Amino acid sequence: MNSFGKLFRISIFGESHGPVVGCVIDGCPAGVSLSEEDMLYDLSKRKSGAKGTTPRQEDDIPEILTGVFDGKTTGAPITIQFRNNNTKSKDYTQFIDMPRPGHADFVAQRKYNGMSDPRGGGHFSGRLTLAIVAAGVVAKKLMPAVSVKAELTTLGGQTNIEEALDKAIKAGDSIGGTIECKVDGLSVGLGEPFFDSVESVISHGVFSIPGIKGIEFGNGFKVAELTGSKNNDLIVDADGHTSTNNCGGVNGGITNGNQLFFKVAVKPTASISLPQMTFNFEKGKIEELRIEGRHDLAFALRVPVVIEAMTAIVLADLVSVNKK
Amino acid sequence: MNSFGKLFRISIFGESHGPVVGCVIDGCPAGVSLSEEDMLYDLSKRKSGAKGTTPRQEDDIPEILTGVFDGKTTGAPITIQFRNNNTKSKDYTQFIDMPRPGHADFVAQRKYNGMSDPRGGGHFSGRLTLAIVAAGVVAKKLMPAVSVKAELTTLGGQTNIEEALDKAIKAGDSIGGTIECKVDGLSVGLGEPFFDSVESVISHGVFSIPGIKGIEFGNGFKVAELTGSKNNDLIVDADGHTSTNNCGGVNGGITNGNQLFFKVAVKPTASISLPQMTFNFEKGKIEELRIEGRHDLAFALRVPVVIEAMTAIVLADLVSVNKK
Amino acid sequence: MNSFGKLFRISIFGESHGPVVGCVIDGCPAGVSLSEEDMLYDLSKRKSGAKGTTPRQEDDIPEILTGVFDGKTTGAPITIQFRNNNTKSKDYTQFIDMPRPGHADFVAQRKYNGMSDPRGGGHFSGRLTLAIVAAGVVAKKLMPAVSVKAELTTLGGQTNIEEALDKAIKAGDSIGGTIECKVDGLSVGLGEPFFDSVESVISHGVFSIPGIKGIEFGNGFKVAELTGSKNNDLIVDADGHTSTNNCGGVNGGITNGNQLFFKVAVKPTASISLPQMTFNFEKGKIEELRIEGRHDLAFALRVPVVIEAMTAIVLADLVSVNKK
Amino acid sequence: MNSFGKLFRISIFGESHGPVVGCVIDGCPAGVSLSEEDMLYDLSKRKSGAKGTTPRQEDDIPEILTGVFDGKTTGAPITIQFRNNNTKSKDYTQFIDMPRPGHADFVAQRKYNGMSDPRGGGHFSGRLTLAIVAAGVVAKKLMPAVSVKAELTTLGGQTNIEEALDKAIKAGDSIGGTIECKVDGLSVGLGEPFFDSVESVISHGVFSIPGIKGIEFGNGFKVAELTGSKNNDLIVDADGHTSTNNCGGVNGGITNGNQLFFKVAVKPTASISLPQMTFNFEKGKIEELRIEGRHDLAFALRVPVVIEAMTAIVLADLVSVNKK
């Protein structure tokens, strides 16, 4: 389904080449100052146009349609919409016969009995993350003492982002990357021992973002190689601060007051300009496919602010539940 | 909270040293044959007693109290309970003053205002995974054509499990490991594009298991170093089979009919027999702590069947929702 | 919160005098033909303008913004919006100081710390039922074999609706009414024994409609005066048809294949042109209030199609869940 | 499904003639003093044995199995169980062929494909309300300033309960009744404008109780005959107190600080000793049925405390959500 959260809850809607994408935010308390301007900075960080991103340029202008009165949230659902202007829906029907490798074309076709909107990925499009970024701005406002920062740390396997990009452009092939997210200022006690552990709900949110294939908290996969004496974090003061942060700020599923730290892997853009083989469902045989159109070479570049937004959304909900 | 799932839904309860641990399973269809015996094999795979596991030996005898009549599920909630017999609750109160490194002692204390049951980890105990394994047996029965297999692939950073164990025993220090899970026989179309992507719900479930610190699907973190032309899986037939399975069987959040594949990282047991430093909250200073008692040296050994169970629970729910 | 349903799920948003009201429908299967035209008939039944209804005239033109492609639902969320055109927001701030009797002015003020949109009732407005009617059209389409019919049976305590209206107009005072809803074509087995009994979920939905103060199924309150031998419905054939329908088509919380029948009570419009006393919060004393503006004399006239819509929404969800 | 609530959440399980009935309560804060003794008074009010109730006598002894340590709730799920001792499951299979009028026999048979436990009504039994009463005790403890009182006001259509009972006993026929519930001490602001209006969630809970066929708030069905000037409640002071309470303490779906008041209709017990006709599914024709066994003549007598419990459960959840 397309909703997420228990008390601070977002629902997203829209298609890449339909009239709008947007979200409804339910459970936002009354009295939070909120305007379209508040969203522009985060939205700009998701924008395309820079080297390595798609040349499709959208205005990405948010419109707050409901839930705000006199510049303040009212407690009623907040609807935020973005119009799609720069759409070019020439020939996506070809991907019904010849599904693009790495894309959702095939599964969408099957899941929705051939009825899903194929234009620009339809509802599967990364464009929906626009709504997530907007909702993330609201979530961040609910936690003024909390800082959520995500950053691209490697691209194409190297830490020199610029160089990796140039290499990819030259090769005409897409590349992936890794993103680190650090959250400071969380109180002790968010999350639950089992099904709503902090790792559970953060990962639930983060894997909702198209193209994420891995997540690890604290030492992550490295823990598998460590001994307990090396991996345990020693508590050093009455606030629960620890000498190391191998656990990434979470014990027993619950925030321990240290920095929440996790890392995610973003796959290379599935759409590439190089020719690829795929199955032609009409002809019943494997054929070469060439994907035209405008695509990100490394959409990982645009994902950090989406990770931030999703993290803030999850945390705002955990904070709401924790107040009970 | 302690419930999970939309239509096939489990709730777990109990404490390590209380009278019982168990679960209620709601949404199981009527007419599934189910007995305590059905659970014994999976429960045995989680059992302690082998080299590297805790010497605390429990009978782990499941009792089906409700929801089954004449050997078949009735459609009413299924309650399964395990009595705790072999409990030794000598002196857990010390961990209130001196929280064990890597444990939930500190966060539990804070989150529940000092009221949580400290004996054997209370409700935070890995013993609760007993209930998850039992529920997993029911989930597996709902998908007879699906095979869910998890296996420990590395321990203490090496693939020779036996050798790693011996080394750890000698060092008196705990070790972590990695587990791979492979699911065959899934139909195309499970999962949703965003918030209920297969990766989202699987990871939500898997991070509910104590001690998991990372998860990756298909190529996982390796995708961050790959190009699109290498990472994309090429469809080769009308069923959607692909030449490679770099995506781990999921496109756009939805199963594509290939093997669902993911890998998780399990941390070393937090309780170790070596002395560790921690903060003494009563005295207000750092002191040495020695943890007595019976503990796993490598609880990763017992986790694979728990991963299987949780995966089956998540998938049974996705299958139920997909029938709508 | 502003969402409802498990698998067929609607979220509503908007304010009476804001730019839009609308809904997002999640969980609608792909392939259902749907257009704005499909909604016009039901929307017309909710329209104002007739005798006894408010002179505020709105176009009530639905716009389907997402989830429909080439005239068919795609399986993605369906967003339907209505622009508010004919708004006159002169002076609603007076109701902050002097809350209108029978209205939500006072509770809204308190619940949202004075931040709720006061114009035309804001998010509390009956105008939100426009979105419910639109969603109801979609729900009805999902159950082509099911007929949901609601009808005003009494107004101001009498069955002659016309006469009651004339009397009310003459008195310048508002009146309430009763509505009966009959659903034919339901299969046996919808609903659950306890918390999701058919009566539970129908009443949950129906009491979401502003102004409903009572609901009864089958014989309703009359059962309190009957003996079991009179109230029991006798099964007369292998399909479970009964000689009488005193239970309103529900046994043990579950549809029995006979007509689902219930009755609701609608209160008189709270806004009346007669002077009323209320507390003046600024002055700290009771004063006379006169409510200007455009209001329904008997909004019960416009409620039947809203009852139909809500009933269809609930049933479409029960049908979805039952397919599991 | 068999769970209810958002943050304060109960799940019920068990069958009338199985080993246990009980509930799991999730979301109860830590630190609430709780013992089995606390439950005995409310449980005694539900007990059978008095005139007009079933001669089946059960001990109804609650056992708190989890979630309480040293006499206080721990924040973990609370499991409460009752063993069924006095069960006589002679011949319930006859009701599969010949469903009892007014019972769930037929729908249970159909919904669960003949697999539901038929003994004593199985999971459909009113015995499950034992678990609701126990959970209600916990809910009441969470709201020490709130008083929830329900009382049988009519039986068999008359206010003289004793006389009505004698008449029914003489006639050998069951009778129904009405119950009024009054809640004092609620703060202003519980509930939501639409889908989680106080009336919505209370009625959802109340119709979960077997045998309830109607509910009305405040003036209830009488509003349909009133004018606005008569039905509106006039606010008389700065706390929002009103001169009358025709709305039953709820405006716009939200508590207004006055007494929450509602009334429900309880049907006569379906099981009667008089002979009744029903369809014999084996023989394919209508035949006479005689119901042996032990039954309430007027189970309405035992329902008030169940109404109280369910109301407290709903309100405890609303209070939890409202703290967000």
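The chains carry the letters A, B, C and D, assigned in the order they are written, with residues numbered from 1 in each.
As a working rule, a residue touches a chain if its C-beta (ideal position, glycine included) is under 8 Å from a C-beta of that chain, and two chains touch if they have at least 3 such contacts.
Quick caveat: nothing in here was measured; it's all calculated off a predicted structure.
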* Asked: Hide subunit B: connected chain groups?
  -> one piece
* Asked: B-D or B-C: which has the larger count of contacting C-beta pairs?
  -> B-D
* Asked: Greatest Cα-centroid separation from subunit D: which chain?
  -> A
* Rounded Å distance, subunit A centre to subunit B centre (Cα mean) -> 26
* Structure fact -> Distance between the CA centroids of subunit B and subunit C (whole Å) is 45
* **Computed distance of Cα centres, subunit D from subunit B, in Å** => 37
* Asked: Considering subunit D alone, which of its residues make contact with at least two other chains?
  -> 1-3, 7, 12, 27, 76, 111, 123, 193
* **Sites on subunit A touched by subunit B in the complex** => 1-4, 12, 99, 101-104, 106-108, 110-111, 123-124, 128, 154, 156-157, 168, 171, 173-178, 188-189, 192-197, 199-201, 203-205, 207-208, 210, 212-229, 231-238, 240, 242, 247-248, 251-256, 265-272, 274, 276-279, 281, 284, 286, 300
* Which of the residues in subunit C end up touching subunit B in this complex? -> 6-7, 27, 29, 76, 193, 320-321, 323-324
* Contact set on subunit A toward subunit C in their complex -> 1-3, 7, 9, 11-15, 18-22, 24, 26-27, 30-31, 65-67, 69, 72-79, 111-113, 115-117, 119, 122-123
